[in-house]
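There are two complexes below, and they share chain A, which is joined by chain B in the first and by chain C in the second.
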Partner chain A sequence: MEFKFTGKAKTLSYVLMAVGLVSIILGFITDQSEHHQHWWANFLVNGFFFFSIGLGALFFYALQYAAEVGWSAQLKRIYEAMFKFLPIGSVLIGIVIVGGLLHQHHLYHWMDHTLYHEYMIEGADGEVSYTDTMEAGAVLNPSYDKIIANKEAFLNPSFWTIRSIVYIATFLIFAALFRKWSLKEDEVGGVELHKKQYKRSALFLVFFAVFSSTLTWDWVMSIDTHWFSTLFGWYVFSGMWVSAMIFALILVLWLKKKGHFTTVNDSHIHDMSKWMFAISMLWSYLWFSQFLLIWYSDIPEEVTYYTQRIFSDKYSTPFFLTFAINFAVPFYMLMARDAKRNLGFIVPVAFLIFIGHFVDTYLLVIPGTMHDHVSFGIFDLGMFLGFFGLFLYSTLNALSKAPLMPKNHPYLEESKELHH
Partner chain B sequence: MLKKVIHAMYNDEETLMDAARVLKKNGVRVKEVYSPFPIHGIDPIIGVKRTRLAIASFMYATTGTILALFGMWYFMIHDWPMNIGGKPNFTLLQNLPAFVPITFEFSVLCAAHGMAITYFIRNKTLPGMPASNPDPRTTDNMFVMEVTTDQNHDHSAEDLETMLKDSGIVEISVKDYQ
Partner chain C sequence: MQKEAAIREPLILGDKSYKDITDDVVGPIEGKAPKAWKLMITITSIIAFYGVGCITYLIATGIGVWGLNKTVGWAWDITNFVWWVGIGHAGTLISAVLLLFRQKWRMAINRSAEAMTIFAVIMAAVFPGIHMGRLWVSYWVLPLPNQFGSLWVNFNSPLLWDVFAISTYFSVSLVFWYIGLIPDFATIRDRMVKPLPKKIYAFLSFGWSGRAKNWTRFEEVSLVLAGIATPLVFSVHSIVSMDFATSVIPGWHTTIFPPYFVSGAVFSGFAMVLTLLLIMRKTMNLENYIHVRHVEYMNIVIIVTGSIVGVAYLTELFISWYSGVEYKSYAFINRFSGPYSWAYWIMMTCNVITPQLFWFRKIRRNLLATFVLSIIVNIGMWFERYVIIVTSIHRDYDPSSWGEFHATFIDIGIFIGTIGIFGTLFLLFARFFPVLALNELKSILKSSGENYKKLHHKDH
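Presenting the complex of A and B:
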């Protein structure tokens, strides 16, 4: 039985997208902040969150091939459908990138070109030029920021744009090839294509290992320009991975309920829940590792990120609550074997920590861009629902385009016989 | 009636599993299987219940967490407040991040040791305990299935013996026991 994208699911995704569109328009009009900063920050939060879910799916897909995993062979269409969102997600990220380059928003403080030179010369016509040396008529530049100026070799708009294009191009090329080979495998069979996927997946993981960190530094960490943390990339990556696993798990459960995936049994659900559990622990570990070292050493240049969040009436409660929920809920609720097979445990936990990881992404971006001048409003929620609807539509649409159950995957039988 | 214990020896674990399936179908209870390595999938066939080691492990870990937190509260805050790097030293909660690594390590230590010791005691394999396997060859390359008459009142000892003899055994021994 093939999956048809019709009925309630289609209506729901259209409604969500309509809500999102209205929120995007009304949110932009009603946004009182300078340069519509709040709107742009929200756009980045949602764009990045759903882009990274697609990316997390692509990563997990490649991981399955590179590690020659048998059990998940029959689930591969799920991940394919999810990473089919990457082109759309890239457009969303691209809008933020182009908006920044055209100075439509001020999310990335380092894009301000006045920060980089120690002196400035005011011309007769009021035109200001900047210089690094003490020339005749030069005065100290009050906006000069030595810390940011020292990062200019890496954080400058042209190199940043080139990097962003390289990341997105790499992901899109690999995603397109994986999907193409996977569909071709259905027709021709044999192990040649599988071996090809295996090799290319390993290659992709090499790129991903570097890019998952650097893209986070570029798109998210550079918001707090003065601050840096080397494990930030892994922390954000583990969040994207667990969100992708949650989405995939809920999608499988939903499809199973609709009568698809009859060969997906308790053991597959158990394995997917294990991933959800394990990556939640990875995320908590990285969150805490970053926090502990900075808290303990208490060095001014390192604490800026945390002081902005902890010593704020707005952010301190959600900041710690997010950590508590994303760690403790899966830890205690999903630890037992039977809980990982029980929908009564899996589904509420999955929904709760999916929201938890969205709030986590929100707290990566908003405090650095909006400081204390913002609260989570109705249009912020609408924008999240809209982007979610877009992701849902893209995924389900891609799912209906190919047979749900792959054919000719060498590990397909092993996957169907999984019992443990 | 005299109680008897039958030890049937096999040289292949697949043969043993097939034999156990046949016995189960005929309503015979297998008391124990001795094997040089864990046989995958035999537990449901011979009716071994799921291990509760995981629950024990959770309790050991929780004990470790509580002990570690209590210990550090007593040493570092209550008895003699320690000022390390100017960290708050009069409340447990505000100093908690510094205690997390030790709490974690101690919980793992307690869980790991507790589990290992529980496992040894439950299997009667603490160092110095006498071996309980009926034949030393079950630690090399042989598999022994143990069936007793007092667990199988519907079958006579002879019945059981005939059944086992047909199941691809290498050796069989019948002993009386109290």
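Presenting the complex of A and C:
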């Protein structure tokens, strides 16, 4: 039985997108902050969060091939449908990038060109020019920021844009090729295409290993321009991975309920829940490692990031609550074997930590861009719902474009015979 | 029984029956010790005795006999400690994590990898032990109720967390290993003819009867222990890394340390497993059980973990510049261009560059190349710890107290000695213990044995 994207699901995604559109427009108009900073920050939070879920799906998909995984073979269309969002997600990220380059927002403090030179010369016409040397008529530049100036070789608009294009292009090319080969395998069979996927997946993982870190430095860590943490990339990556696992799991459960995936049994659900559980623990481990080491050493250059979050009326509660929920809820609720097969446990936990990981992303972006001048309003919620609707629409639409059950995958039998 | 795809390579080669597996594994225990074994254990014992001699001299004289000085207060001692703990990681990863991932190929290597883990952790424990200077009061590291007045451990210290982490790790690994051995000991017991060995193996097998109930409990306990051991794979080396990373020393304090140390540990552990198993499979005729495919899998683990380590090296290097912190930048410039740059470049070559050769299928399926590369990785990972420890502290914040470290013959002697002790223990294990988990192997014979696979796919 093929999946048709109709009925309530389609209506729901349309409604969500409509809510989103209204919130985006009204949110922009009503945003009182300078340069609509609040609106832009939210746009980045949501754009990055859903882009990451698509990317997490692409990563997991490649991992299945590279590690020659059998059990998940019949679920591969799920991940394909999810990473089909990447082109849209790239447009969303692209909007933030272009907005920054055109100085429509000030999310990235380092884009301010006045920071980089120690001296400035005020011309007769009031034009200010900047210089590094003490020339005649030059005065000290009050905006000069030595630390940021030191990063100029890396954090400059052109190099940053080139990097962003390289990341996105790489992901889109691999995603398109994977999908193409996967659909072709349905028709022609054999193991040649599978072997090709195996090799290309390994190659993709090499790129991903580097880009998953550097893209988070570029798009997220550079918001807090002074701050740095070597673990940051891996920590953000684990968050995107777990969010993707949650979405995939809920999608499979929903499709099963609709009568699809009759060969997906408790063992598959168990395995998917295990991934959700395991990557939640990975995320918690990385969150805690970064936090503990910075808190313990208490070095001024680093600790600022956490003091901004902890000693703030706005952020301290969500900051610790997010960790508590994203760690403790799966830890206690999904530890037992039977819980990982029981929808009564899986579904509430999945929803809760999905929101938890959204809040985590929110806390990566908002404190550095908005400081304490922000509260989570109705249009912020609306924007989240709208982006969610867009992701839902893109995924379900992609799902309806190909047979749900792949054919000719060499591990398909293993996947269908899974019982443990 | 689980179906296995035709595309998967068989894990047990040849036309093996259940009895053949028993014969192949238990045979060497029943027979006389081969000459090669006697020769090897003689050599390792001599090295071990030399090491024990050096340790005795150190304890009698004091740790001044090491090359440590006021600037470099930690050097080979902690390097060796971290190196050995890291090596220990592979065993637990293979036995616990790969069990959870249902990787059948682990069954050929888990037993010896776990044994290696236990011996490696014992070797690791030697170093902080003798570093205390007064070994006889080493129980002071435990928070015992005492009559010593204000003497109480410092719970804020990662060194104390290490005591807990390593002792927990050791206990769980030991129990895990032993539980797995019980059915295999019982198999040996049932075959033994000589009364004394029979009695010993009977005692070791805890009255195992092989009934269904025994097996059910065995499997349940294995899964529970795997669940407990999996976080330990992460926690132990994370906490070892915190010995350094909680400090304010540039080069030590960096947030990526915990996961990067874990990855490095698995990397070095698999290298050591390969070094040992490539010799063992040859000398004990286990080529049908540990064959090219197993080696290839392990090499893939090496390339993945090695590349993660490589990414971490470059991340650290990049962020040291990006941070704009002068001390941080200098620490790294000093690493690759200072007096210890030779160590840095050995580390980079052995850990990041040469393992990339495993991208070639021919090389990762070539046993000789694997053997050579596994030793190179072992060397590289020793130098990684040396680089982290010595180069970071030999030029600290205050240039007037900069210094250098030179190893004494005691430093070298103790390190070489632990390799001797480790080798001796491993050889004893290989002589008297079932080196393959034979009962577990039997469980995959019909799904992954070459003969059965052929039969199965002929039917279709």
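Heads up, the rule we're going with is that the second predicted complex is superposed on the first by the 420 of 420 C-alpha atoms of A that agree within 3 Å, B and C clash if a C-alpha of one lies under 4 Å from a C-alpha of the other, contacts with A are read in each partner's own complex, and residues count from 1 in each chain.
Everything that follows uses one rule, which is that a residue touches a chain if its C-beta (ideal position, glycine included) is under 8 Å from a C-beta of that chain, and two chains touch if they have at least 3 such contacts.
From a predicted model like this one, the values you see are computed outputs, not experimental measurements.
*Asks:* When the two structures are superposed on chain A, do chain B and chain C clash or fit side by side?
*Replies:* On the shared chain A, the partners clash.
*Asks:* Thinking of the overlay built on chain A, is A:Asp313 touched by chain B (first), by chain C (second), by both, or by neither?
*Replies:* neither
*Asks:* Classify the contacts of A:Glu187 with the two partner chains as first (chain B alone), second (chain C alone), both, or neither.
*Replies:* neither
*Asks:* For A:Lys146, decide between first (touching chain B), second (touching chain C), both and neither.
*Replies:* A:Lys146 contacts chain C only, not chain B.
*Asks:* Taking the superposition as given, does A:Phe154 touch the first partner, chain B, the second, chain C, both, or neither?
*Replies:* second
*Asks:* Tell me which partner A:Tyr296 touches in the superposition: chain B (first), chain C (second), both or neither.
*Replies:* It touches chain B and chain C both.
*Asks:* Give one of first, second, both or neither to describe whether A:Ala336 is in contact with chain B, with chain C, with both, or with none.
*Replies:* Touch partner of A:Ala336: chain B, not chain C.
*Asks:* State whether chain B or chain C is in contact with more residues of chain A in the superposed arrangement.
*Replies:* Touched residues of chain A are more numerous for C.
*Asks:* Can A:Asp125 be said to touch chain B (first), chain C (second), both, or neither?
*Replies:* Neither chain B nor chain C is touched by A:Asp125.
*Asks:* Can you list the residues of chain A that touch chain B in one structure and chain C in the other?
*Replies:* Touching chain B in the first complex and chain C in the second, residues 292, 296 of chain A appear in both lists.
*Asks:* Would you tell me which residues of chain A are touching chain B in their complex?
*Replies:* 288, 291-292, 295-296, 298, 335-337
*Asks:* Inside the complex, what are the residues of chain B that reach chain A?
*Replies:* Against chain A, chain B makes touches at 54, 58, 85-87, 97-98, 100-101.
*Asks:* In the complex of these two chains, what residues of chain A are touching chain C?
*Replies:* 68, 70, 146-147, 150-151, 154, 191, 194, 206, 209-210, 213, 228-234, 274, 281, 285-286, 289-290, 292-294, 296-297, 299, 301, 410-411, 413-414, 417-420
*Asks:* Can you tell me which positions in chain C touch chain A when the two form their complex?
*Replies:* 2-8, 100, 102, 231, 234, 238, 242, 245-248, 253-259, 307-308, 311-312, 315-316, 319, 322-325
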